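By letter and in written order, the chains are A, B, C, D and E; residue numbering begins at 1 in each of them.
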Amino acid sequence: MSIERNKRKPFPWVKTAVAAVVVGALIVLGAQVFERQLHPESAGIAPAARVPGAEFPTDTFKGKDVPQPINYSHKLHAGDLGINCLYCHTYARRSKVAGIPPTAKCMGCHTVVGTDKPEIEKLTQMWQSNQSPAWNKVNDVPDFVHFSHERHLQKFLFDNPEMDIKNAPDVCAMCHGDMNQVGVAKKMKPLTMGFCIRCHENNQGPSDCTRCHK
Amino acid sequence: MSSLLGNIFKGWSDYSKGNEEGGHHNYEHMYAMVIDLDKCTGCNACSTACYAENNLATVGEEYFGARQAMHWMRIERYFDEPNLEKAGSEADADTQSHGASFLPMMCQHCNAAPCEPVCPVAATYHTPDGLNAQIYNRCIGSRYCANNCPFRVRYFNFYDHQETAWPAPMEQQLNPDISVRSKGVMEKCTFCIQRTRAASNTAKNEGRAIRDGEIQTACQQTCPTSAILFGDLLDETSAVHQAWKRHQVQLGRYTQNKENPELRGYRIFEELNVDTKVLYLERVREV
Amino acid sequence: MAGSSKKTVAKTRRVLGLFGDFDQAFEVIAGIRRYQVPGLTVDDVTLKSPIEHPEIEDVLGERPTDIPKFAFWGGLFGLVFGFFFLAGAQATFLVQPQGGKPVITIPSNVVLAYEMMILFGVLTTLAGFIIGARLMRRSSGLYDTAISVDQIGIVIEVSDKQYQPLTDLFKKHNVIEMHEEALS
Amino acid sequence: MSDQKHLTQEQTKDIDENIAWASINADVLRSMENPRRGYWVAMAVSVCLFGIMIYAEVYQYMYGMGAALLNTSHMWDLYISTFVFWIGMSHSGTLLSAILHLVHADWRKPIYRFAEAMTTFSLMTAGIFPVIHLGRVWNFYWVMPYMTDRGLWPNFRSPLIWDAFAITAYLTSSVLFLYIGMIPDLAICRDNAKGWRKTLYSWLSLGWRGDDRQWRNFRFTYLMIACFLIPLAVSVHSIVSMDFAMSIMPGWHVTTFPPYFVAGALYSGCAAIITLFILLRYFFKFEHYMTFPILDKVCKLTFVIAMVWTYLNLVEFASVWYGHDIPSKEVLIAKATGPYSPFFWGMMTFGSVLPFSLLFKWVRRNMYVLFFASIFLNVGMWLERWMIVTPTLSLGYHPQAFNVMWPGWTEWAMVGGSFGWFGMLFLIFVKVFPCVSMYEVKEMVFHRKRTIYDDVDEMMTLHSGVPGPKAQTQNSGGA
Amino acid sequence: MSKTKINRRNFLKVLGLGGAGAALAGCDMPSYVTLEEGEEKIYSYLAPEEYVIPGVGVWYASTCLQCPAACGTHGRVREGRVLKLEGNPNTAVNAGKLCQMGQAALQAHFNPDRITEPLINGQPASWDDALALINEKATKNVAWMTGAISGHQRVLLDAHLAATGKGRHYAVETINARAWTDAGKAVLSDAMPTLHLDKAEAVLSLGADMLGTWISPVTFMGQYGQFRAAPRGVLMAVEPAMSLTGANADQWVAAKPGTEAAVALGVGHLLMTKHGLSLNSMPNATSAFQSMTPARVQDIAGVSEAALNKIADTLASRKPSLVVANASHAAARVAMALNIMLGNVGKTLTPGASIVADPLAPIMGSTKDLAEFAQNADAGKIDAVFITGANPAFIAPQGLNMAAALKAVGFKVALATCHDETTKVCDVVLPLSSALEDWGTHVPAYGGKPGVVHLQQPLMEPLHAETRGLGDILLTLGKSAGVDGLEAFEDYYGYLRTAVSAMIGSEQEGDWQRVLQAGQFEAPAQDHAFSTGSDVALGFSENADAGLHLVTVARQGLYDGRHANSSWLQEAPDQITKAVWDSWAEMHPKTAADFGLKDGDYVSLTTQGGAITTRIFTYKGVHPKAVCVPMGRGHTDYGRWASNGVNPLTIVDAHLGDWQSSEVLATATPVKISAVGENRHLVRLMDTDQQHGRKLVATISAQQFGRTQGGA
């Protein structure tokens, strides 16, 4: 009888234990890595490093179409005509908000250019009646988030020896996507806290909560 | 790149470091304050300035009576004078023989803050600037921090005060640099962190260090008698550093061995070893 | 099934005998131990009882169980996993300096790892129970509700040759009822 | 069966070993059927109380915590103290059941099932409170250590997080303990049930067939979990005590809190067991199983624990008094003399004086007296928790914050509602699951008989082949 | 000129960027709710100035009109909204500091209870109708009632009065320094001598709340800061109930209401007898001093000889010292005499200066004007009155029965920002721009550099389109009244700019901008000169009444009640009692005990003028014979936050002010107390006055301080 009991297959204790520990370690490490989304295709370096010395967040977001009082086309102005972002959004380099260009700036060109287009006529008429168009905010972060365009431009553009002001679109594209590809503005990056944190980690940004939350 | 293990080792080094230096991490700044109680007249200017700067909600008589008010900077008034040797005549005078003692009490930004370790979601923590920060949008309102605060300077939003505190058009006055707190969130004095941030951003843009006096807290700026001093303790040249040195008070210790015990500098509840960063200068009285 | 090493003939049917009390059942098993049914060993016997009788072990011979090992390894895993999980979380957490405390705080982590140890220990024990006791699987058909009341059942798989002697054995120890089913 | 002495107060035997196994099944299964009017009344009351709680929570959710009249000094109040109270209640079942199981005290067998159920449900009740006391309830899940995109974790330094871990572990384990111990009984139910109950029990009994293999594994599993549960239960309540002991508040920062809390927990647990014991015995006619001798033992146990608790209580006062930390001392004095003193002395009376009544046999044997006594014991324990939380917060270090507050209506509503919720769960339990462990009562009966007869038996069989009395008893016990 | 104006208008336009309205969503929402697209609106500028950047605050200089002190301010303007006020560091008056009332100017501006459109008999009307009505009615015997006023508003106002015939301008301020200024004029022939608190070694205040409400508190507090620095000065206060100044005094002496003068005389007596000082130039005073022995002081004022000696010794031993008084005219004169005797004149008390352009000079205002207005109105001498910056229906003490007086005036026009008791009874109410929306020039009455003029410029676009600036209205009125020389100006901004340009002698845009940035400019000033103490009668009359007296005090905060509709100031605890949101009556514990009263008991205070009911607060900072009720609360029609509490002025008998000056601050009205039997806990910041042995406010003696030089 004892002989027969010896024939019983022993349970593989060592294997089980090893497996358990390995699984545990995998859960910890794997979750760390995946949940923080540090794997390349999510937040690694873009195919062509567009901002030297910085890792380029490649997350994308499919923003909905936001109707605007005037169908302003970024593709036309920034893309085809190649106007620098900072030409219109000039506040971005001096303030936490990028701001909407003052109507005067539009009229700077459009008193002569394309005055016959309906949209331009709309604009002109607003300008004459001394009212400013009510734009709908497209890239909108929660009110407890205090993002500073100024600081980010400073770091990636002006303090960046390899960058020239004409590369501004590349820097803006980090958080706004390639606006020169779309017509009326769309949200093209998630702009969630995870998005920010990942980029901050990859580019050694501050990890101090009070930098953004006050 | 945050590799888990790499950070663990970093964590360990910080751990040993923390043990050696009494929990002091490598701070960029160490913002601290000096309040001269002999100059303080208790006029409330600082308190009101704080309401204006930090979007503090007024709660009205009922809630104030229920002690649910949220005055980050409160001026306390006491009539007794412990540890002052009395002239016998006035010891038990039946009318007041001297003025009151006023105490501006705000968050002391303890370096070993009791409130920080107990927050279940780490909504309050220590910034590299040495500030005791409260992240409103992380707070879930367990209120443990307030229970654990010996100074009782953490205030909880027991209600939504937005309609009553800022009826239109008053909401236009709200400071856009500060979130407006809504119900269920703990809040407290931040040493006007929005001003600190603004100054450090400017400094960074101009590629220089923050100058002493560049940052003024709202209470300091408005204090009519200039009783409040604010600055960076790590900056040897700063007025605050000088004052702390002059009064021979050091961070990270709860018994100060002053060679001259008559120096006025002291920290409230130093014996609790919470390592507060507000240095009070004793009130003086002609006896 | 164990003991099948010197299997000569295929088992064709499964027999369940119900007995009034443990002693009668034990007598039957004793009989089997004395090879009164050729080719049947005590290892072929499955005893079904409404309660747990401490002498079952002595009668059926010691049959080891793996529960303690499950418990041990589960607890160990919980401890290790717990501690590293916490340490990892603290080390990667953005908000590190708190109240002048170190980043990875041993006391708190020990407390939590301790809880995790117990939690995982209990869970693996349960798993071990379900595996070891062959629960949650299609059970052999032969069962009588009387077993859950007060009767003792003995289940044995026998070949045709062994069937007769077994029933004799059962009857000899005044079996109350007998059920059987064919093995497919 | 024949003699009815075991129903009377003179009974001396824990249980009548002549009960037929079949009748055990019958009695218990009967208790699970067709509820009578009293049941529905109790259920209605519980549901109403719970409904009030829901309303209060919704109100509080809409208008903010201010509805509870909390204030800047009193950030915690009844929610936390009631939380501690329920955690305490939960300690009876598991701890008693587990310890008594390890020490082979078989008189636990008829009563441990509902005790464990009580554990589970009071844990479920306790778990509610930390959540509803949050200022932003809708974010309660932030205390869970889950992986998030934002790189955020809970703060593992916080005793509140320890609570979360401990309670999760404890709830899971005690549910499993209860469940595993119930599997053989569920099999019995399965064999006797029909309709939805049939399906339910078939699922729950996991195909239990009473094999020797199953029994063997069952024994080990039960033993293991019992071993796990004892340290767990101790750790849970000491961790709860750390919510206070880890803070720097005078009156909270007390070294003896962990053992003090554990003792208090056992204490209130035992008291609650007495209460439910009496109720069940009365309503379900369980006189055969929940007998006076057992009740007697429980009472004595309660008394012992009460003395331990009293001792630790006095130790705490003494250490504060002689420790001479002024703020702590102020708190202590304020407790005894201040606005909360009536409750403080109420706690002392109910908690430390009342237990002495358990020394009298007539009390231990009188269901009605005992019932109210046990209720008041628990009132005392609830007051104890309140006296830990509120008076401390009404003083403290900073004089500006000294003030006295009384709980708001939402707090009372939630406290009451918690009892409704607990009652609801328990009432459902007793009708769906056997609240007396049938197989273990059988074992109890069986073993006792053997211990009585074995020697005689052997002698008789040895000398004259005359079959011993076992045979007859077997027949009498047989079907 | 007009170009700058257009630009200003544009950049002041409100934007939605980071808008506060959105901020109200607060941190309540989880991020998936607040991460929104196209929910918020953004309005862009039309044609902003180069330096205007959304999201960046710009500081503009202006002037604070919360009290007559006229401190200079900096307003932080962002996205067209003024967010915060700070002191203007360039001004000598407040040197970059502000008091709580100055901070609360924001709430006066954003107040939800502003008047947004003209009203005729309470009914909304158009400006044209309102002005037409005014031109029709306000033709002869026009009077103006204002608060303290100065600068070009005053010029236009005088012009309007001149044009509308022999009207008169009544400047009314309940809280004033008239006792002091009169005494100054009488004794030193300088109404507003300059005080050097910082230079003084010892200061004795006879009911002059320098740190609270007296003349220019921020100036004095600034000096107080230096006064406390080593070598540390000693502050002594004699008053019936503790003021903010008294609360900071090293020695505080409670005197029976209305007897501060006696105490001062007693001090003088000791100085002469004990310390051998003399005052030959003023025989009157000398005799008064001699007659006031400490014993008499004890009888009259209930001040012990020990306390008196202590004061005298301190004054004698610490030179230079300073004695200030506002408790009564007599006290003020004695104070002047004491200053001369102690030789402070020229050291801590130097001649003031005033602006040469006299029409701009500040008018301080007093309750006396109020009384005179009442008399003249009753006498039917006033047909029409314009009221602005004053609330006579509220601040008039009971004796004047202002209600009847106002009724007697046929046509009343109120120029107000908020509804109040006065606008209620006015025929026409013109909506005024707030102080932060308006242009103006203000000459600080005290503390500024000689001849300095503070410029008030708008910090944001008018919140309410229909409101108009005081200057604009005055200009319009002036034009329609036919004041010559005003036609040239289309609005007050134009007028002001021309006038200022004339004063600074430059039309240059740059200079104008410089003035705007500085928030002030200096006009020629002339220094006053002291006469060597003319020997005036001190006019001290003993108050024989031994009963309880009601003293109404002013506290920084709600002031005379004009700030009662600010939730910040209502919630800022009263400095002394730490009470909020309600009125109270301060009583000495002994007195309360005599009446069997305890804290929070409601009592009704009855004078022959009337009765008020309020809660009592007992503490030792009141003279046992005094009941002290701060003014400022008890509004009936002043917005949502102002309606709590009681207004003590309704029972103060104005005729009891010493010399019938009807100065409320110098009035002690006999009062009867009766318990109402109700008790409610007075809501306070803290319910304890003791530190319970904690080391919160540690106090050391001045000796120790001296040894360490304050650790400096």
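We adopt the following convention: a contact is a pair of C-beta atoms (placed from the backbone, for glycine too) under 8 Å apart; a residue touches a chain by one contact, two chains touch by 3 or more.
As the structure is a prediction and not an experimental result, all values here were calculated from the model.
**Q** Quick check for the class: compute each chain's Cα centroid; which one is farthest from the centroid of chain A?
**A** Between chain A and every other chain, the largest centroid distance is to C.
**Q** Find the chain most remote from chain B, comparing centres computed as mean CA coordinates.
**A** When every chain centre is compared against chain B, the largest gap points to C.
**Q** Please identify the chain lying most centrally, where each chain is represented by the average of its Cα atoms.
**A** That would be chain B.
**Q** Count the C-beta pairs in contact for A-D and for A-B, then report the pair with the higher count.
**A** A-B
**Q** So what's the Cα centroid distance for chain B and chain C, whole Å?
**A** Between these chains, centre-to-centre, one finds 64 Å.
**Q** How many angstrom lie between the CA centroids of chain B and chain E, rounded to a whole number?
**A** The separation of the two C-alpha centroids amounts to 31 Å.
**Q** Based only on mean CA positions, could you tell me how far chain D sits from chain E in angstrom?
**A** Measuring from centre to centre gives 68 Å for this pair.
**Q** On chain D, where are the residues touching two or more other chains?
**A** Residues 136, 139, 151-153, 155, 157, 161, 397-398, 400, 403.
**Q** At which residue positions does chain E touch at least two other chains?
**A** 18, 23, 26-28, 31, 55, 685-686, 690-691, 693-694, 696
**Q** Mark out which residues of chain C touch at least two other chains, giving numbers and ranges.
**A** 85, 88, 90, 92-95, 98-99, 101
**Q** Quick check on the complex: what are the chain C residues that touch chain A?
**A** Residue list for chain C touching chain A: 2-3, 5, 41-43, 61, 66, 69, 73-74, 76-77, 80-81, 84-85, 88, 92, 94-95.
**Q** Under the definition above, what is the set of chain E residues touching chain A in their complex?
**A** Residue positions touching the partner: 13, 17-18, 22-23, 25-27, 29, 31, 34-48, 53-56.
**Q** So in the complex, which bits of chain C are touching chain D?
**A** Those residues of chain C that touch chain D are 20-21, 23, 46-53, 56-57, 60, 63, 65, 67-68, 71, 75, 85-86, 89-90, 92-95, 98-99, 101, 105, 108-109, 111-112, 114-116, 118-119, 121-123, 125-126, 128-130, 132-140, 143, 145-151, 153.
**Q** Per the contact definition, I'd like the list of chain E residues that touch chain D in the complex.
**A** Result: residues 28, 30, 685-688, 690-694, 696 of chain E touch chain D.
**Q** Given the complex with chain C, which residues does chain D contribute to the contact?
**A** So the residues of chain D touching chain C come out as 20-22, 25, 145, 151-153, 155-157, 161-162, 165-166, 168-169, 172-173, 176, 180, 184, 187-188, 191-192, 206-221, 224-225, 227-229, 231-232, 235, 239, 439-440, 442-443, 446, 470, 474-475, 477-479.
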